[in-house]
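What follows are several structures.
Look at the two complexes coming up: chain A is in both, with chain B in one and chain C in the other.
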Partner chain A sequence: MSIQETLDANVDADVDWEKARAILVFLLPGLTLFGVFSVGPMAYSVVGSFFAWDAFEMGAFVGLQNWSETLTDPLIINWDNLLAFTFPMGALPQNLLWMVLHVPLSTVLGLVLALLFADLRGKRILRSLVFLGFTTPTVVIGLVLLFVYDPQAGVFNELLRVVGMEGQVRNWLQEPQIAIYCLVAGGVWVQTGFSMLLYSSALAGIDPSLLESARIDGAGPFRRFKDIIWPLVKPVTAVVVIMGMIWVLRIFAIVYAAGGPSGGPNHVYSVLGLEVFRAAFSIPVEYGKAMVVALIELMFALPLAAYIARMD
Partner chain B sequence: MDEQHSIADSATKTASNDEQGLRTRIERALPTLPRAGRYAIAIALALLWVVPLIGMVMASVRPLSEIIDGWWHLRGMTITFENYREAWSFSSAPMGRAMLNTFVVTVPSVLVVTLLGAMAAYPFSRFEFPLRKTLFFVMIMVMAAPPELVAMGNYNTLRSIGLFDTYLGLILVHVGWGMGWVVMFLRNYLLGLPDELEEAARVDGASRYQIFRTIVLPYASPALVSVAVIQFTWVWNAFFFPMVFMRSSDSVLAPQALPLLKGRLQIDWGLVAAGSVMTMIVPILVFVFLQRYYKRGMVAAVAD
Partner chain C sequence: MTHISLQGVTKYFEGGDIVANDSIDLEVEDGEFLVLLGPSGCGKTTALRLVAGLEHPSEGDIHFDDERVTDHSPSDRNVAMVFQNYALYPHMTVRENIEYPLKIRDVPPEERDERIEETTELLHIEDLLDKKPAELSGGQRQRTSLARAIVRKPAVFLLDEPLSNLDAKLRMEMRTELKRLQDELDVTTIYVTHNQEEAMSMGDRIAVMNQGTVRQVAEPEELYNRPRTTWVAQFIGSPPMNLIGGTKRNGTVELAEGTSVPVDASSDSGSDTDSAPVSLGVRPEDFSVHGDSTDADRAITGTVETVEPLGEFTIVNVDVDGTSVKAKVPTTGVERGDRVHLTFENHDAYLYDERGELLP
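Entry: the complex of A and B
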């Protein structure tokens, strides 16, 4: 009732109380859980990143100390290796490299597959096959990749043997300078299904007679794509790109399953999520560092959120 | 071009109209050469896409020695369900228990977030109230934010209220985390609900709660199914939250148990594969049977 009282004190008398109470009844249960388990902990991380931590207990205010320590931590950014472009470069550059490769590849492949399947019979089955990986738990994807790249039992190495590149057979996920690319390929494999799905639904809205008349008018495949298809799938591309970026920012289970909590040998494919997990929940517990790393992730996510909000 | 000539030729030669019709029908049904090529490429690519998953399924039903030799060798293949039996009661991470735990966490997480999300989405789609815009942006922010950001706070919260390492604790975290996108999604859907329906009901003396139950919920039912299906896959597949909040070996969830099946020195692929297939079969079946809702939801959730 205290909410009712505070409202009473602040709002004009001509408020429709019955309606206001109904709104509260509808909103409160959901928003309470949202506040306690989502917004609250986020604010907690923001505040906590400026405090010292004794395991899980908040200590004294330390200003930017957690931030400067984290940003000079070679596990987060290893400047020497970054400038020489040798792994491990730290979780932040590795995560960003992953994003830079993953997003364009999965977007373009998704569009290509959507176009390829668009007017074929049995397209629903073809699409479902490609989409299957996206419904699979990401931890299983990580294990599948571990299996695919296994030197003996892995189908990728068998493929190399078949095409006569036996010299290249190896445990790909243990190769410091190559492993991350192998995992990126796995991520693209999964996310292509998602971008293909979105592009397919956009392509379904294109009038086939429009394409037909363009063909009759002598427009080649490239012209038809540029003038008819692209303008219609362009808005979807923004969504596909944003969702791809969020997906890569949140990447965790694939890396954990393929390379353990360290993120591969000597952390060569560690990502930000993994660093948060290790900092917060393994000895020694470094809550301040974990919060800073999670906030770095948020900083990359915020412009995306702003873009989504503007689209609405 | 040649094909068309031969149709024309045969058309003049054959006397029977029926036969001619049949021939053209067959010619039309068969794809032209470039089209046949596209079919071949499309089918090859789609199969290529599932090869890694097929490998998992094959490994799950074969003894380790045959897996090490390569699951793609089909000669002398022994089919066994020993891997499943062993994974089901594996000592440090029994998949049987883990699957049960995952069900116990997933089902309530989905039902609660769907119901409470629908309730909260209704005022968002209909009424003006203070802080509406701010809440709106906060929800979008949470949709884009990484789950790691809420792990530390929730860890301390669950510890202090005694819900750490319990089903209820993880369920609450999942509900709180899913609320953002569910409310946004359902709010977008409810914007399409015509005002007149509600007004007519109000004239008839229905309360706001009755309107919600008898008009809003039935109207939103396709969207509610979409939300439930997508949320089910996400919660079932979730790895990070269970890793943080479920610790004792009795409460481990299926995705969490899978890396534990690897063993120490030589990876026991059979066990890993059997556990993986068990875990992934549930969301895949949900997808196959409720594909329509899943796809519609995925597209609407992000494209609106």
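Entry: the complex of A and C
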């Protein structure tokens, strides 16, 4: 078909109004929900972030004031500490640091476990055990971590005592410079279950004769992984990585359960979600700031979500 | 060039519940094209995988020439295998697929290119090099898979029903092509199929398998002319050989209803007086159908049940005392319900004893 013909066909095509109306009718409930619960709040926040707020009541237009105040708030970004890399660095850098550690760790760990379990007899049970972490409510994970790192009763400190490192025993979640890493470890445990499950099903989808063929071609385990398995599970990696990033961006319950609304002593492991919560629901209510922080979160998450949605 | 030898090779699965291969003894000569032929599920693929090293035998040993390879990994055996489903790497182009075994074995790039060119020309796929397997037709995939096997210059080819997914015309073409290739390359080849026509036309020798064991290994001609057991006799040929129960006595076989057929009793004249139950086997194509009475020595009488004209020839189903006997003749004037006589030559008759073994 020539370009001209294609154009003609599209331009002159009779629109089937009957059909269009039917489609619209079916889309209406979904679109309504989407509008009320997704687009609406987003638009509301964008507009609201340019206004002054008295508790939950919108006041005068203040331009970028909410934005500049938020971005210079040391609870959001503490530039001095950030440059010296000492905690607290503010919720935004801490949240990003969390992401940088959490995503590669949980992805690699999930892949390694999936590979390990692939040919194992009790793989169903092992997989269920690892996946249990992901099904557990995150608040519970936070409480569990609190317990794990407890100086007296905690499993982790007990372990240190057993291996003869009594000197290291401490309340890990109260150590300003270490606490966030301890929490990241807990988050990784959660996300590993998820990435392992995705990788497991991706591995199960690989035709075993491909690996056998590679063996006959002379490939050892490492080459088989590098040349066959990895390229074939790569699409899953994109999903795992992005879902992990979004998960960390939205993280809240673990941190809240482990460190309360302040996010640990002196906010050392506060994250964006926690700042939104504090700004909106603790006295004094700073609704404008809450909106700004939520929008910052959204700015990171939206492109990621869009990438996932457009993958085929 | 490699001589392959399987000695008492047995393979169990599921802790012995499934016996896929049952003490197989098999010798494959240097440069030979050996076909493993048998019905579905008889253990052909398992035997091939044992030779490839993808499975480890539960019992027995496998030798390549004088070397015991039972414990060698597939990559140490220098075999190339074409899988039933081709097993092309979906994320690689045709070129990368063919190149992969060379890359793994550190063949220098210039030589790789040379060999790829050579091989793809041989298989007429030089135009497909930059395509992914998903973009190929079944025949093209199969040739790519063959190319990947050939390019290695392996000691042994193992082919698992490589033509089963092709249409009839392409299959015929590839059959000839494959056979020519193997002649040219002179590589020891084991070829698995359940298609006897394929086996007969391609194999230097055929190993007929059933229920995990090899029933007979012979050249196609011999397999057709001297099937050693009733099972093999009925497996080879289309339609299969007729088997008519009877009793052997005094150099004749007495079939039911008083028909008796003289057979050569030269070899075991000593036991002539004993009678023994036997099966008389005659291939459908060795029967002649006569409407009138005949004075031939060897004739079986029956009633025509159906006549199936198939163009090239006609199959006449004759009821002989409740046994359905098939005759395959070029043309015939007989019709349903006719009384007919089926005659055959002495050398076309086979006698099998009670256990189904061919009597000498």
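Here, the second predicted complex is superposed on the first by the 277 of 312 C-alpha atoms of A that agree within 3 Å, B and C clash if a C-alpha of one lies under 4 Å from a C-alpha of the other, contacts with A are read in each partner's own complex, and residues count from 1 in each chain.
FYI, contacts are C-beta pairs under 8 Å (C-beta built on N, C-alpha and C of every residue); 3 or more make two chains touch, one makes a residue touch a chain.
As the structure is a prediction and not an experimental result, all values here were calculated from the model.
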Which of chain B and chain C A:Q177 touches, first, second, both or neither: neither
Per-residue touch tally on chain A - higher for chain B or for chain C: B
Touched partner set for A:L33, first chain B, second chain C, both or neither: first
Partner chain in contact with A:T72 - chain B first, chain C second, else both or neither: neither
Touching partner for A:T136 - first (chain B), second (chain C), both, neither: first
Partner chain in contact with A:M291 - chain B first, chain C second, else both or neither: first
Which of chain B and chain C A:L126 touches, first, second, both or neither: first
First (chain B), second (chain C), both or neither touched by A:T86: neither
Footprint of chain B on chain A - complex, ascending: 18-20, 22-23, 25-27, 29-31, 33-45, 48, 56, 113, 116-117, 120, 125-126, 128-133, 135-140, 143-148, 150, 152-153, 155, 158, 189, 192-194, 197-198, 201, 235-236, 239, 242-243, 246, 249-250, 252-253, 256-257, 260, 272-273, 276-277, 280-281, 287, 290-291, 293-295, 297-298, 301-302, 304-305, 308-309, 312
Complex contacts: residues of chain B adjacent to chain A: 38-39, 41-43, 45-47, 49-53, 55-56, 59, 67-72, 116-117, 119-120, 122-123, 127, 129, 135-157, 159, 172-173, 175-177, 179-180, 183, 207-209, 212, 233, 236-237, 239-240, 243-244, 255-256, 258-259, 262, 267, 269, 272-273, 276, 279-280, 283-284, 286-288, 291, 294-295, 298-299, 302-304
Touch list for chain C against partner chain A, complex: 52-54, 73-75, 79-81, 83, 85, 87, 89-91, 100-101, 104-105, 148, 152
Chain A to chain C touching residues, read off their complex: 207, 209-210, 212-220, 223, 227-228, 231-232
